[in-house]
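First chain written, first letter: the chains are A, B, C and D, and each begins at residue 1.
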Amino acid sequence: VRWFVHPLRVRYQETDQMGVVYHINYVNWFEIGRTELIRQMGYPYRRIEELGLLLPVLEAEAKFRQPARYDDVVHIYTKIEQFTSLRLDFSYEIRRQDPSIAETIRFQAEAGPANAGEVTPQGELLATGMTRHVWVNRSWKPVRLEKEAPELYELLASINRFTNS
Amino acid sequence: VRWFVHPLRVRYQETDQMGVVYHINYVNWFEIGRTELIRQMGYPYRRIEELGLLLPVLEAEAKFRQPARYDDVVHIYTKIEQFTSLRLDFSYEIRRQDPSIAETIRFQAEAGPANAGEVTPQGELLATGMTRHVWVNRSWKPVRLEKEAPELYELLASINRFTNS
Amino acid sequence: VRWFVHPLRVRYQETDQMGVVYHINYVNWFEIGRTELIRQMGYPYRRIEELGLLLPVLEAEAKFRQPARYDDVVHIYTKIEQFTSLRLDFSYEIRRQDPSIAETIRFQAEAGPANAGEVTPQGELLATGMTRHVWVNRSWKPVRLEKEAPELYELLASINRFTNS
Amino acid sequence: VRWFVHPLRVRYQETDQMGVVYHINYVNWFEIGRTELIRQMGYPYRRIEELGLLLPVLEAEAKFRQPARYDDVVHIYTKIEQFTSLRLDFSYEIRRQDPSIAETIRFQAEAGPANAGEVTPQGELLATGMTRHVWVNRSWKPVRLEKEAPELYELLASINRFTNS
């Protein structure tokens, strides 16, 4: 099983008065992780919406182990957990990076789709999670991705095979 | 000059690690203040968008005097500062309420449009602000409110006359 | 099993470009639900933090059924699912209210602790969820609530007995 | 006059149901711009808070010209507008980048403090703004930076001389 990675730096706004990241922001980061996964494969989520498709969240789960703090560099690790023409499930890990090595990893992560999936999660585990999604059109009716967007379907299928190889 | 009032309680999520309300949330509260002003006059902002009209913000200003804290009851005071068929400007005051009297004031504020504009700002002044808006259609082209939504135009004109009487 | 209720109106800021409430805001509303539950019993969450206690989230889960929209009046229904001296679990329902009856229910809900727990969930079910928490001190070390804040422990125990009676 | 730059990509969560970035997020980006300016000079804002200093916002202003959209790459341009031992003012420009050249600019911007201030704003102007700040200690009493953190004072003075040279 292989992961995609996206780095980010914790924003001041993401803290609360406990002095740590407000827990709900991890779930925001999950969303960034899955859209960046799709982008790394060359298919921006913006283009999905231009096709008239939406990918709303049916379920979300998160477990919080250690708090992230302002200015931390964290990595969002994302992989496709399940994939059909109707549904798409992702799982996630949020990990804190050692600032001294964060920059190196970042450039590695940005090196592009070729090795995008080669990443092994590293750093202190802060949170894990899962989201389940369904493909719908603009009227919120379920659609079959294979029919509505065959190119995107093939792309996700190939990521899925790769991830679970 | 007369004000409209809307009470709210500070949410945990609205704090940051300084232990006070993250400053940008006051600007969120300004938006709540102006939509509640219009609602108190019997015209929900939702209906404005159903007419195909949007009221984007051209300019916003805020001055912060004292920080609000988690669980405070604050009052958003809003008034129309300027009004034409093309433009709409609001000004705002955010004031902290004494918890013991907050409830009373709240019920007074909810008593409805009849006396909605009769309110005199009270409580510790935390922030003041101003926003400038322009009426546009869904393609973001400026429109004349008098032509596109005469009923709403008349309503705002009457509030404006009342406020500045 | 009995529920506590807290009403709120959807803010413009809570929407996203799908035209509905951004899914993560439901999890924000869960937090509002549980702090309001404690407040309705006469113990503001602010006072808990003044005792040096924090109640961070260990796990959160949400299932999304129907989207809420801007300006909807929704009810957050909250109950204590599990309670010990170390842990506290809540479950939640978010339901959309018919605007015409929303106001009546609101006043009923505000009538105070005496009948706070008597509420039967009503309205269209939009989302359900669960959160698990642990009591910690300011150094994020687990503590026993019974020892650190016996008054609060007794209060929660009484709510718990009541809820599950 | 010279500017510091920080690139970012618009998050889904930052949109609202007008289909564009919710206006208040630009003010969030201003904060990211000023903390990144200080970081580029080798002084993370986190270290400022470790010294017991806070830099709350006294005033904020923003003018909105064109909306940013989901997935846009925008540049936050920041400069120090005024600087004394007691006060610090910043001004900002938010500009949309052509995606094809966005990556190049990004790496240039990350090349480090040596040429950090050499940037000339480019791209479509979306918003401008200003914030005024005051140095305070943890009890929110004003302090003189020159006395409390002479190293930081010297650093900001040197940026200020450079910016206005």
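Just a few scattered comments:
Here is the rule we use: a contact is a pair of C-beta atoms (placed from the backbone, for glycine too) under 8 Å apart; a residue touches a chain by one contact, two chains touch by 3 or more.
All values derive from a computational prediction rather than experimental measurement.
The chains in contact with chain B and with chain C alike are A, D. To fit its Cα atoms onto chain B, chain A must turn through 180 degrees, a value rounded to the nearest 5. For chain C, the chain with the farthest CA centroid is D. As a whole-number value, the distance joining the C-alpha centres of chain C and chain D reads 37 Å. Computed from the mean C-alpha positions, the centre of chain A lies at a distance of 27 Å from the centre of chain D.
In chain A, the residues that touch at least two other chains are 12-13, 17-18, 24, 28, 31, 49, 70. Residues 12-13, 15-20, 22, 24, 70 of chain D are the ones touching chain C in the complex. Within the complex, the chain D residues that touch chain B are 17-18, 23-24, 27-28, 31, 49, 54, 56-64, 67, 140. Against chain D, in their complex, chain A makes its touches with residues 11-13, 28, 31-32, 35, 44-46, 49, 69-71.
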